[in-house]
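Following are the structures in question.
There are two complexes below, and they share subunit A, which is joined by subunit B in the first and by subunit C in the second.
Let's turn to the complex of A and B:
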């Protein structure tokens, strides 16, 4: 096995598949990256929860396959000069990596026995623009629960129905939902572990090019940019999120997103990093007063809003509001309050490309 | 066809014995309890071969009438039932007249006994349950039982016995419990001719602790005294420096019965938490007296368990008792501890010689080991490795240094007990005499009695004054502060001190702030046990005040709709149950329910580090703040904040005095 490729591309491939390699395994082969050359070169990492296959353009002189220890292979290629890399497997799996004036010869392992990515029988398939999926993940991933006791909530639900592609994450205190339209008429339901979704998010590019998602019983395959990612699914019933989102509101406001963020950030200067004090919103007469008070002092700021409905005073954990507000690119948003102890819903002015919901803090003194 | 037969008496005794006489320690327990029932004030247990070869129990109790001796070995023969007038107040805990019969059926027993009135004593020999001989002998008042060759006729049981040293260890433990339970009775254990336990029987618990655990432990305990709510608690709790890595030095007695109980240990440990390093357990001898009505009698009296009808009350009482004991006592490790600490890890024994060049782990790391204490450590380390479960610093009880090498080698040969050496070298009599000098008097000089006194009028206030009025010498290594006060040098760990200050401040802030509650997206349902459900109902007002919104959902299910804001990251079912238990304490402020780690972390993060220069103004401020803390002695991880070195100790180091 022998090929030449660019250091830059090879390293990109390595660092991508490394996300799917166990850092510490009992079997050395599981700490390895699988490398195969025929027309192209492809690298595979697989830790069973997640498997990634990445192709690299290369001049292949002779075909073959080998497994190299992920850490050492990665470290070596990272430190190589920006130039062509010569890769050759000699006898006894001894592998030569040459670049510029540097020469490495490392011991490899037989590729036999490496857990290759499973084939996914095309059960259900859906395609969506990469940049669109990337944006939806960004909008929802922060609301994933970290509570390992409720495993299902450590992932995001992908729901495809009636030409809509929806991602939902929620934890005990908030919910984040993002939606896009698609052409295919399929139905599709899967909960992807948050950790894997995060890797997928990183690998996707800001392009119109589509990512193809294929679903099987307990795995989902994402294909794009010459890369295949297989993620296991979280099993169990995801919460019936629709049930939580209220439809009736007491108060609704339209507010400038940036101004709202700034005022909450300023209010939380007072509460600092010490998580004992919420921020308070007092809404009346087309204005919203954002205040906070802590031992060190108080803060107060007035914002102009457009308001419908009743006056309201409501408290929030500033972090939860900010998490949601910060992923919004819209200049103006619609914020709706069901009651001073009920959920607050943040949406675009038009439509429902995203729905964020945050539960309030009761301010009984 | 199989014929139905009635088992002969000796067989049924063997079966029964299998259930109760498991090992030599069971015999010792039964015999000693019989002696106590007979009103003995002195009990001596002598064993060989771990008690398998022989056990001799001698008491000075009432003795048995000549005519009754043979009968005592009959099953269900007891002289005690007629004394039991009130079943609730059952005071004997034995076998209901089965112990002697069971013991006699699996060993060779000889008894010599004489009552006050009898002119001569009686000697009876029993083998495998049969009386072999009865004859008059000359004997003092009291009873001696000799049990030989345990399980000689039941090889299967014999096989289950452990190594002699292990069996001897069990006997040791049993007698320690009895001795602690009954300071009014002198208990002596002699193993292979060596005295390993000898308590004075002078009604003083501290003397018992002294004779069992040694001088250093006895000097490092704080008395516990609590009474209220139908519960009385007395005993002693160890200062942080004698804590251990396991619970083996915790002895809890409920109505004078040794027991294990989760609620009590939890309360004890909770109370000591911020004073102890993580994974360290306090030394404790606690005696809890509670009206028998509140104790579940359905638990077998021979078992080491107990159940209370009101666990919350017990928890609160113990917690309160220990807390107030700790907060009222000075916890500055004395100079002795600074230079001569025991608690050397087992692994360190092997190269005890090199030890003087190494620093001693953990609490002791501040102290530079010296020639003198390095040799001390050698034997002290061994005493621990010998697995007695005692951490006593034997060295300080020894006046003749040269006695050591001998005792050390002996201990090395795997002997179970090393205590005997103390008595040998320090001369048994001398120590016993000093113990026998009744309970220590208040205000007694530290060095005159064997045992430190604890009832100075408010030692904490004294320490606070001492700190405030001390002369600031300065800072060393940019990490420690040195103060001079009277004849004492105080060293303060600046990080530990500031951490303690920040910890108490943070905790206070948490308990004083406004209460906000975070509404949950998806209400959490929690299933509770009966007990927990009762606790929930009792605590529901308090829970609400803390920011919970919880409803009874019927059955044993509750539903949580909102949680205190400070619990930020949410709670699980188990977290809520833990909170219920925590709230059993009287305080019930928010700071009780947020995980200690959160407070620790905030405190630790905001505390100044070591290797940071402090101007004198800052030093003074720090000391002033430290004196305002509830516990100026140990940091939140249990390490000492202040250590003291006396002038005398320094003079000794410089060989100005001997």
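Let's turn to the complex of A and C:
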């Protein structure tokens, strides 16, 4: 096997597939990257929970395949000068990597026995613009639970129904939902582990190009710009999230997003995180007073809002509010409160491209 | 600023106090003059020596030793059961006496106090005052104390450990090479059974050798604890005397079982029983806990501990008990057990409570249930309401929780 390709492209491929390689595995082959030269060059990393395949444009002189240790192969290529890389497998899996004036010869492993990515040929397919999916993941991924006792919530639900593509994350204290429209009339539900979704988010680019998602019984395949990502699904039933989102509200306000963020950030300056002092919102007469008090002192400021409904006083963990507000690009938002101990819902002024729900802190005193 | 710190340590505290009590109630022998010990209840397997008289010490009886082996060493040994409420009374009396001299009195454990005398001795020298305190303890309170004087808490504590009983010692910084450094390193505060072998391996046998060792070397072998010990060996300690109740960092409760526990059902009952008292105390203090820890000890006396941070702080008995159960199940290998403990830490106030999607109404209902049970138990005794699970189980429905106010020696000065 012999090929020539650009260092830059090769390194991009390595760093992408490395996300799916186990740093420590029981078998050396599982710590490796599979490299195959055919018409193009294909790199594969697979740790069973997540598998990534990435194609690189190359000038292939002879076909073949090999597995190289991911760490050493990655380190070598990263340090090579920006030039053409010459790659050749010699006898006994000895692999030559040459670039500029540097020459490496490292021991490889037989490609036999490498766990190749399964082929997924299913009917359930959906396409969505990369930048759109990337944005939706960003809007929801922070609300994924870290509680291993509720495994299903450590992932995000992807729900496709009636031409809508929805991602939902929830950890019990807040919920984040983002929605986009699609052309296909398919229906599917899948819960993707948060860790994998995070990697997928990093690999996707800010482009209109589409990512194609195919679903099988227990795996989901994401295909985009020469890259195939296979993620296992979390098994089990996701919470019926719709049931939790209230529809009746006591109080609703329209507020400037940036101003709201700033005032909560200022208020949380004096509430130390470990004692979980809440930030208190007092809403009345088209005004919202944001206050906080901790052992060290108090803070207070007033914000102009447009208000409907009853006066309300409610407390929140400022971090939960900020996590949601910070992923919003809209200038103005609609915040609705069901009661002073019930969930609050944050939505755009029009439509429901995103719905964030945060549960309040009950103040006993 | 140069400070003058006193460390007052009651000589064989539990035993002295028992002796004083006995004498006041007409006993003719002073327990301190015969071989005697205060020991736990052997029937429920708490049978170890808690305190010993000086004649008992001559028989080579050690604190922490099991009672039967102490009896082998000295067949005439007098064994007294402990009475913690008496000890708390005596400890309070000592604190009150010390407070006549300075408001800065810190109760370090039930039988030890630190006090800061800086600026509080008008007409007398510090030594004279210390002497007077020592004399007054013997005359007025009836038990003897050792008093250590120095310029910081560590040195004062080391000084009071010198010759016993009823003695006053000074250990000012200039006296360190003469008085502190020749001592074996195991005498140093916080040089415990885990640290000592490491120090021995480094050829450090005396406090002086430790003081002259390289801090970098100690850090390499003992992490930050090495630096602390090196500072202590050099008499460096800047911790202040902090009077009053210290901030509670955690609440725990443990019990030794009267029989070996070899099944989950009984183990869970013990955990529930401990959680009942711990959670009650937590609620009584108006706090919630974020971390639950379970400790167990098997019949080989091997010790295991496992803890987890909760998603939300809680003070609910059931919630904490379920977590304790889970921790226990993850940790237990199936070997017979003789000791259980439940500890709660990372305490926060209960003024605020993050609501959750999963247990909204339920939490409120459980809270009011806990509250009602606490009220009934407070006014009618802790046995007034018990859980049905304990009926005919032979396991007390509420375990431990008697001598909670004075935890054993803290590892922090």
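Here, the second predicted complex is superposed on the first by the 360 of 365 C-alpha atoms of A that agree within 3 Å, B and C clash if a C-alpha of one lies under 4 Å from a C-alpha of the other, contacts with A are read in each partner's own complex, and residues count from 1 in each chain.
Criterion: a contact is a pair of C-beta atoms (placed from the backbone, for glycine too) under 8 Å apart; a residue touches a chain by one contact, two chains touch by 3 or more.
All values derive from a computational prediction rather than experimental measurement.
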Residues of subunit A touched: more by subunit B or subunit C? B
Touching A:361 in the superposition: subunit B (first), subunit C (second), both, neither? both
Partner chain in contact with A:92 - subunit B first, subunit C second, else both or neither: neither
Give one of first, second, both or neither to describe whether A:101 is in contact with subunit B, with subunit C, with both, or with none. neither
Under the contact rule defined above, give the subunit A residues that sit at the interface with subunit B and also at the interface with subunit C. 147, 170, 172-173, 175, 239, 244, 274-278, 315, 317, 341, 343, 359-365
Residues of subunit A touching subunit C in their complex? 147, 170, 172-173, 175, 239, 244, 274-278, 315, 317, 341, 343, 359-365
Footprint of subunit A on subunit B - complex, ascending: 509-510, 513-522, 524, 547, 549, 562, 565-566, 568-570, 572-573, 602
In the complex of these two chains, what residues of subunit C are touching subunit A? 311-313, 346, 348-358
For the subunit A and subunit B complex, residues of the former touching the latter: 146-147, 149, 170-175, 239, 244, 274-278, 295, 315, 317, 341-343, 357, 359-365
